Amino acid sequence: MTKGRMEAFSDGVIAIIITIMVLELKVPAGEDLHALAPTIPFFLSYVMSYIYIGIYWNNHHHMLHATTRINGRILWANLHLLFWLSLVPVATHWLGETGSAPVPTALYGCVLLCAAIAYTILQTAIVRHQGPEALLSTAVGRDVKGKLSMALYVTAIPLAFVNRWASDIIYIGVALTWLVPDRRIESRIDQRT
Amino acid sequence: MTKGRMEAFSDGVIAIIITIMVLELKVPAGEDLHALAPTIPFFLSYVMSYIYIGIYWNNHHHMLHATTRINGRILWANLHLLFWLSLVPVATHWLGETGSAPVPTALYGCVLLCAAIAYTILQTAIVRHQGPEALLSTAVGRDVKGKLSMALYVTAIPLAFVNRWASDIIYIGVALTWLVPDRRIESRIDQRT
Amino acid sequence: MTKGRMEAFSDGVIAIIITIMVLELKVPAGEDLHALAPTIPFFLSYVMSYIYIGIYWNNHHHMLHATTRINGRILWANLHLLFWLSLVPVATHWLGETGSAPVPTALYGCVLLCAAIAYTILQTAIVRHQGPEALLSTAVGRDVKGKLSMALYVTAIPLAFVNRWASDIIYIGVALTWLVPDRRIESRIDQRT
Amino acid sequence: MTKGRMEAFSDGVIAIIITIMVLELKVPAGEDLHALAPTIPFFLSYVMSYIYIGIYWNNHHHMLHATTRINGRILWANLHLLFWLSLVPVATHWLGETGSAPVPTALYGCVLLCAAIAYTILQTAIVRHQGPEALLSTAVGRDVKGKLSMALYVTAIPLAFVNRWASDIIYIGVALTWLVPDRRIESRIDQRT
């Protein structure tokens, strides 16, 4: 079975997710600069979510680049990941609308955590299907970065009820560490070719 | 005629259908946990419909994987299937908004039934075009699973006026039996290669 | 220059156009059968527009199938066609919301006419770029069917102010004549291979 | 790394951006010709933005056509460009709703300027990755046209507070100069083959 259609479908869903978030950006109610002010928290939450979705697309791209074969289990693991990513826009909107209130901040972290878990499940399903000697298996290794990110989300969720800005800083911090695409896969590909 | 563009177009439409359902998920009106409660029926109906659309995409993927040639009739049978799938989001929303009232529950079943019939028509058109000896024809066989699903939808539609939860359980049950991708096709492909 | 990306982009835009029309289908305000009644004109106008967009996608598919080379002029002619198709959802909604009042009925015809003109421009640009001996040129010929459709739209637009149902019947009639994909191209391909 | 998925993802996002702008076109509130009048500024701003997005897609198409290799940096430069393009619909809507008031007119120019800068960054990243002897590098040259466009946007933004129509004319003028696809790349490709 070829990975082409799974890539195409994922591209479609992620492209829509990243774009419908802009629909949440309401047109300012007025025509001067003051009318722009209430849209700023929306805009900031949009930027953060855009970067997160961009990271997922980028890493998904790299991971599937190192994938040769897929099966039904991988298709469903992929749909499971897309499910959690599809909740990012509504979580983003709630975060922006409430100016990062505790519950929306915690919920945003839950969605990020579930997406990270789903990504790990997908990665494991792919690694298992390619065999332990495959490019992806050696590139991913023990996946310290992925596990650390999940630990940080788990920390940020309860922290939102103590200090919500601390949670937001954690979300931003994790995003920044992932902005660099997964060099492990890229460098392994270079070594082999 | 190649199947590439038909796959690409179907991927696009299904990706949009699965994603616009999230637009139905309203942002909670408030910023605490109580504000989340009214969104739960929406969320549950979203999950069920996401799984249904996922099943259709998965089986569509498998079916076209076993398809070699297409014609104008197949293109229209495919558009006919996409038409009924495109009604799933609005049926889902009505189901969620009314907390599964009898009429919306029955209507949801009608949409599922029509989509199942459209899928069967598409499958028949493809099988006919590939010839009786082709991979897909032998893999599909008498299609007991497909016929059983349609019979269950036909049962669930009037049942919604007697006991709507029974109908919902039937919808969930049918979905669960399809969560496994169509092994018949996958195993036949393995046998041949 | 390859036609691959132009096909992919057109597929994306047409897939979105055909799907966002469903967003116009409002969820019924109520939970019984009577609540469904006001949605019927919307539904009917959705069905008609779905078929029109499906026809365009189908014929676009056939036309590009017979195309070997593209250039900048063809890319813009294609964008021009997509522009008019993108207005179909809003024209459809207005038609459905007013129960086919004269002005919306005439406007719907204008959008169909402009789309048909844009399709002809695209077809001419492609034919010119392939050369007079190419498959598409001989298949399209004098394009009687296309010219007749445009003449019917031109008739239906003023007719909407006299008898709007007559205009609707013309729109439906033209659609029915196009439901069959362009056999001219299909049969020519068969002859050559 | 292949450019295929980056093209497919960009096609998806741009297709959605160009299409969701139509969602901003409100259905007229009434059923006669007078009801159409308030939609005219929306329609005009939609046409202008459609042409801008079309220009970006066209040039993106040409640029990637002349690209052979991509890397992680290019993927992010591309996402950065798509980010600014994704703000075009909301900027367009504000422009149309206020009938081109000074602040929305200036903001529209800011979005165009940021998109132009992002395009230049992407172009530079691609040129650097292909090497100075590559097709794209020689075709782009000193990119006078790109720099001139940015200078015009920089002029139009403050000008919106003096004479907003002058700014609009600049936006339209720049668009017209770009309507022709980048002949530099097309003619270089022709020379080489």
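For clarity, chains are labelled A, B, C and D in written order, and residue numbers in each chain start from 1.
In this text, contacts are C-beta pairs under 8 Å (C-beta built on N, C-alpha and C of every residue); 3 or more make two chains touch, one makes a residue touch a chain.
This structure is a prediction, so every number in the text was calculated from the model and none was measured.
Participant: Report same or different for the chain B and chain C interface, where same means the shared residue numbers exceed half of all residue numbers found there.
Facilitator: Different-residue interface.
Participant: Please indicate which chain is farthest from chain D, where distance is taken between mean Cα coordinates of the chains.
Facilitator: That would be chain B.
Participant: Please tell me the distance, in whole Å, between the geometric centres of chain B and chain D computed from their C-alpha atoms.
Facilitator: Using C-alpha averages as centres, the distance is 37 Å.
Participant: In angstrom, rounded to a whole number, how far apart do the mean CA points of chain A and chain D lie?
Facilitator: Centre separation, chain A to chain D: 26 Å.
Participant: Two-or-more-chain contact residues of chain D, please, as numbers and ranges.
Facilitator: Each of 8, 12, 15-16, 20, 23 in chain D touches at least two other chains.
Participant: Could you please specify the touching residues of chain C with respect to chain B in the complex?
Facilitator: Residues 7-8, 11-12, 14-16, 18-20, 22-23, 25, 27-28, 31-33, 35-36, 47, 50, 54, 57-58, 61-62, 64-65, 179-181, 183, 186, 189 of chain C touch chain B in their complex.
Participant: In their shared complex, at which residues does chain C touch chain D?
Facilitator: Residue list for chain C touching chain D: 1-2, 5-6, 8-9, 12-13, 15-17, 20, 23, 71-72, 75-76, 79, 82-83, 86-87, 89-90, 93-94, 97-98, 101-104, 107.
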